[in-house]
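Have a look at the structure that comes next, please.
The letters A, B, C, D, E and F name the chains in turn, as written, and every chain counts its residues from 1.
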Amino acid sequence: MNIMYDEYSWPEMKELLPKVRGVIVPLGSVEEHGYHLPLCVDNALGFEMSKRLAEKTGCLLLPIFPFGQVWSTRNFPGAISLSEETIVSVLVEVALSLKRHGVKNVIFHSGHLGNAPAMKKAARVLYDNYDFKNVFYFAYPDYVKLSQGVMEAPMWKGNGMHAAEFETSMMLAVRPELVHLERAVIEYPEDTCTMDFRCMPWEEYTATGAPGDPTISTKEKGEELIRRLVGRMTELIDQFIK
Amino acid sequence: MNIMYDEYSWPEMKELLPKVRGVIVPLGSVEEHGYHLPLCVDNALGFEMSKRLAEKTGCLLLPIFPFGQVWSTRNFPGAISLSEETIVSVLVEVALSLKRHGVKNVIFHSGHLGNAPAMKKAARVLYDNYDFKNVFYFAYPDYVKLSQGVMEAPMWKGNGMHAAEFETSMMLAVRPELVHLERAVIEYPEDTCTMDFRCMPWEEYTATGAPGDPTISTKEKGEELIRRLVGRMTELIDQFIK
Amino acid sequence: MNIMYDEYSWPEMKELLPKVRGVIVPLGSVEEHGYHLPLCVDNALGFEMSKRLAEKTGCLLLPIFPFGQVWSTRNFPGAISLSEETIVSVLVEVALSLKRHGVKNVIFHSGHLGNAPAMKKAARVLYDNYDFKNVFYFAYPDYVKLSQGVMEAPMWKGNGMHAAEFETSMMLAVRPELVHLERAVIEYPEDTCTMDFRCMPWEEYTATGAPGDPTISTKEKGEELIRRLVGRMTELIDQFIK
Amino acid sequence: MNIMYDEYSWPEMKELLPKVRGVIVPLGSVEEHGYHLPLCVDNALGFEMSKRLAEKTGCLLLPIFPFGQVWSTRNFPGAISLSEETIVSVLVEVALSLKRHGVKNVIFHSGHLGNAPAMKKAARVLYDNYDFKNVFYFAYPDYVKLSQGVMEAPMWKGNGMHAAEFETSMMLAVRPELVHLERAVIEYPEDTCTMDFRCMPWEEYTATGAPGDPTISTKEKGEELIRRLVGRMTELIDQFIK
Amino acid sequence: MNIMYDEYSWPEMKELLPKVRGVIVPLGSVEEHGYHLPLCVDNALGFEMSKRLAEKTGCLLLPIFPFGQVWSTRNFPGAISLSEETIVSVLVEVALSLKRHGVKNVIFHSGHLGNAPAMKKAARVLYDNYDFKNVFYFAYPDYVKLSQGVMEAPMWKGNGMHAAEFETSMMLAVRPELVHLERAVIEYPEDTCTMDFRCMPWEEYTATGAPGDPTISTKEKGEELIRRLVGRMTELIDQFIK
Amino acid sequence: MNIMYDEYSWPEMKELLPKVRGVIVPLGSVEEHGYHLPLCVDNALGFEMSKRLAEKTGCLLLPIFPFGQVWSTRNFPGAISLSEETIVSVLVEVALSLKRHGVKNVIFHSGHLGNAPAMKKAARVLYDNYDFKNVFYFAYPDYVKLSQGVMEAPMWKGNGMHAAEFETSMMLAVRPELVHLERAVIEYPEDTCTMDFRCMPWEEYTATGAPGDPTISTKEKGEELIRRLVGRMTELIDQFIK
């Protein structure tokens, strides 16, 4: 089956949509990823993992919604910063369109962690106001646990993966031509905890925008991480959608 | 110059954005385009023309915002239907992000005519509330005039180009593998005028969703149309941005 | 039948409203109309044509909502500028009130072209959220075609009728005492097209606020134009409301 | 001076608006006024008193905004019921338009008591968000006190004037041809007080929609009431605008 | 019966809520009350009267929502000023929660007069949008009449009770330790009426923030006032809820 | 110093507020806490800890905003469920009131974890729209780590403290008379993880509403937990506010 939702004509969709297992709505962002990675990391990873997930689960795949909630990094040059409200509106209207056509399950899948609250909010709006309960949302589910045994450098603050070994390795697997590993530097900002209890844009404590150690990233690690993440999501979808 | 906005890193953007001539924000839609074309026509055409426009004008190109205002065709299977308000919010927030980074000119460019009111509204919001006046919007500008001498079949109602000879020819130029010309049929719905004065979803008067004659479309016509449209937009941008 | 909706008492309305063919909601604006016409042109023309339309079609007529969307001319002294959102809210709430009383058809009729998007939006809100589909909207329907053979001067840009021969002639028919033809001047601004692709308030390209040639206006032309426009709308209503 | 705001051209307004003492924005409603009065009472009275007030105070007069907040009577046939939010939006945008043109004082004047909260709210929005403090609002100011010695019948609940001797007399002065005094009946609903502490539409306790005694209304009383009300408002404006 | 709503566990509530006569939602404010009273007056009085009312009527009592609409006094140090919209949202969502659990009657009871419009608006939203009609609202009902024979000093403008003999006496009954009667001063601002027709923060005409004569307040007067007010509300609830 | 914000008069506040170190805004909720605890747990704990925190840090304390975001438990009898938007509005307007009076630091402190996203959102609104950056938010900061060595039973899913040993112990310290330990039961729902990736109200997987082991709770544990939490927050405030 061709997984690309929008490569079908409407008469084909008339047949297909009521029978399809689910539709994946990929999300990403345009934001800084350190000195060594391009702004498109979350879109590249989000879309690639969505494709593999669609293939493994028999779902259709929509084009990616490429802008995200990037409050913390919005002052880094190039960031495209959407409000949570706007992202919620897009997701709700996309899901309602799918529901209108008979789609039974919708999966929001983000390559950007910062979209998680918006996805959850959208799912609640769909649940509460439209009685649409079969909406699922993923953003690197269980990634800390899943990366054990693959990652070598410690994650910053225990879970920091932004533009570090984690994302850099995956980009080496997906879009190696856009990775400039030679520019990567190690930076572990002092963990003052204060960013958890107040508004604190990232430029206040990281010079690179990439806290962690991206220098030891490899394509192999990236492939394994993607394999595990897609596997975990496949398991979860199998659990949700019998 | 690489035209892809999101393939740069943030330090590169710090240099580039304040100096770049403008940034193009492509829009499209996911909606029916008759029996013979896929749902992605507006995204395919919008992105391809945006790329050529960026190259000719020295602008950078963002990833495409792939969902549009498709009220009239929303009941055809597969349509993803956003409200005008949501599209306006996305466009305003994208443009404000660009303004924050020092970008001087923003061009909204849609491969879907139905996004025109939203683009205009967004430009007014930016003008009124944020004093951002250098915002331009295009959706097949002057296409009726520009298609004279290229098109052979009459446009439905004088300006109907949706999924007809006009768009089908362009798709043959851009994504020929997705065009099933053998399924194309000629349909000229009776023009009762009533759709101009009341709400009237397209399924009430067109069986195919493609009013006009797509059967005589050719790749050559499509190439010429794209050439003219991109040329016209290039002229306009040269007029706006000295 | 007395066409004035609000000159009836409520017990009379209890009888009348469920049986009436439709109710006309007239709209206008307060905005500049050149050196020679007063700000009330759209209200005067909108209300006069609404009256004639009500008489010809057997509809009732509400008082006029006299403020409009005049973004382009809002900087000319005296303009009262409402947002589209506000106009939509007024129209939706008026139509819902009529629906509650059993009115079957509602006709929004504007003497100001700039209200057209708001009327269309309101009709869609009523259609989508309240299942009220019998809502129609007119703003000088087919006026370019209908004025052929009556108008002598070319319309600016092919369709410019604001405060020019078209509207001035109609004002001579409706409120001649408010027309100062001796102050009228001919002005055809250079058509740079740029106002179609960016925000561009009228004061940037017209000195008079009346692009065209109002000097050759006559009462007879105005009467004929009104006759044709009201005739066209009557035809359309006969087509909509059997 | 011609008091009608919208009968001037924009070059005249350019001179006039920055010098004028103030602009009156009349409000009314379309709602039931008993068996004997038409729906337009509040518009007729509001506009007539506004005209007299403009003449006495040297203010300009806008066309009337003819729809009001009529929650309590919205179920009586013919009522046009706007939300408070919508009325506030209209008033705020009208006042901001006037402020933009240099108008120094704005007077909201309603012929319908139910618009009072919306006028007050709009004035607060203008004060808080736009630093526009010279906004005044009237709806029959001090009418209970001013009607002493003119009215003969007791007001229902001490202050009920809707469609009773008070308004009926004024309509006999302003639009006598629309008054059917022969249909008027006396009705004093039992005052249970409960309508002050819960939502209670008028149809739950009044059969006529006109609580009080309209039968003894006279044109002379109406003229005197209007004289007193306009006099009181003139005094207040003289106090506000030195 | 323990009247405190939130001291029950959920299994207890499962039994209790569908059978309880009603739930009282107390409101107050944090705002100035002259030189001699603390900011918490409305919360203290509102909660104490709510408790007595709950006991007399067999209703449950929620914790107090302690912030109110205090536009007029918001510039006095310490005031916590909420918008009407926010208060309405809180009240509507609280009432809908109660409705979901089977509660049949909801009583909003405010110790602050300025919350009255928000309570009425919330009740209308519940009535219109959620078909919840058994919502009642009190804020010192009939207090002018009820205080006759108890109060000695005249109320400012005939009904001014804020921080004057009325409220001060009640505070002496409820929280005497917070009353500094020795700081109380008599102040009767000149009644220019203008505060009824324009936005006019209290600091423009009162130095103390306590117009009236609080100096002759006594605990006995306060007890009697509370007794009468609670008695009146009990009567009204008996009338509403059979 | 008396820490109770609202027990001062406005002249006292005029002196005090510009000099005070900060103001604490306590939040709570009304929601189920198992068979053995009342609905008021979050209010009781939130207010008690806020009091101790105010005393230790020299801050003033506002009355508690007693309703929270309880989406997950809203179907348990008695829950009062506010939307995130409404809580954000309340917090923003409270903080702006404090800012207007010269308060330099505002601390949102919630006794309910579910309010954390609303507090963070409110802080961002204050930061972005009002340039108010000194806003801090706490909801049991670092509670998992801080409870090590005190708690004996495992937390459900590693961090579940709702109505379990953690909260029950604290309630025994704060409001022992409201704790019915004899009704407490042990319940560890199977951890299917699915509640992290979809909307899943608690009643779908917990019978008690109290996942964990509350039966071994003691007052001593509760006192120690409060001491640690208040100590941690005091440290953080000392770090933020020099």
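In this section, contacts are C-beta pairs under 8 Å (C-beta built on N, C-alpha and C of every residue); 3 or more make two chains touch, one makes a residue touch a chain.
Because the structure is predicted, anything quoted here is derived from the model rather than measured.
Enquirer: On the document's contact criterion, could you list the chains that touch chain D and likewise touch chain F?
Expert: E
Enquirer: If you average the CA atoms of chain B and of chain E, how far apart do the two points sit, in angstrom?
Expert: Once rounded, the distance between the two centres reads 58 Å.
Enquirer: Provide the C-alpha centroid distance between chain E and chain F, rounded to the nearest whole angstrom.
Expert: 27
Enquirer: With chain centres defined as C-alpha means, what is the inter-centre distance between chain D and chain E in Å?
Expert: 31
Enquirer: Among the residues of chain D, pick out those that touch two or more other chains and give their numbers.
Expert: none
Enquirer: Mapping chain-to-chain touches, which pattern fits: line, ring, star, complete or other?
Expert: Contact pattern: a closed ring, each chain touching exactly two others.
Enquirer: Provide the residue numbers of chain A that touch chain B in the complex, in ascending order.
Expert: Result: residues 4-11, 13-14, 17, 30, 32-40, 43, 62-67, 74-83, 85-86, 89-90, 93-94, 96-98, 100-101, 178, 180, 183, 209 of chain A touch chain B.
Enquirer: For chain C, which residues are in contact with chain B within the complex?
Expert: Counting only chain C, the residues touching chain B are 71, 84, 117, 121, 123-124, 127, 133, 135-138, 141-142, 192-194, 196-199, 236, 239-240.
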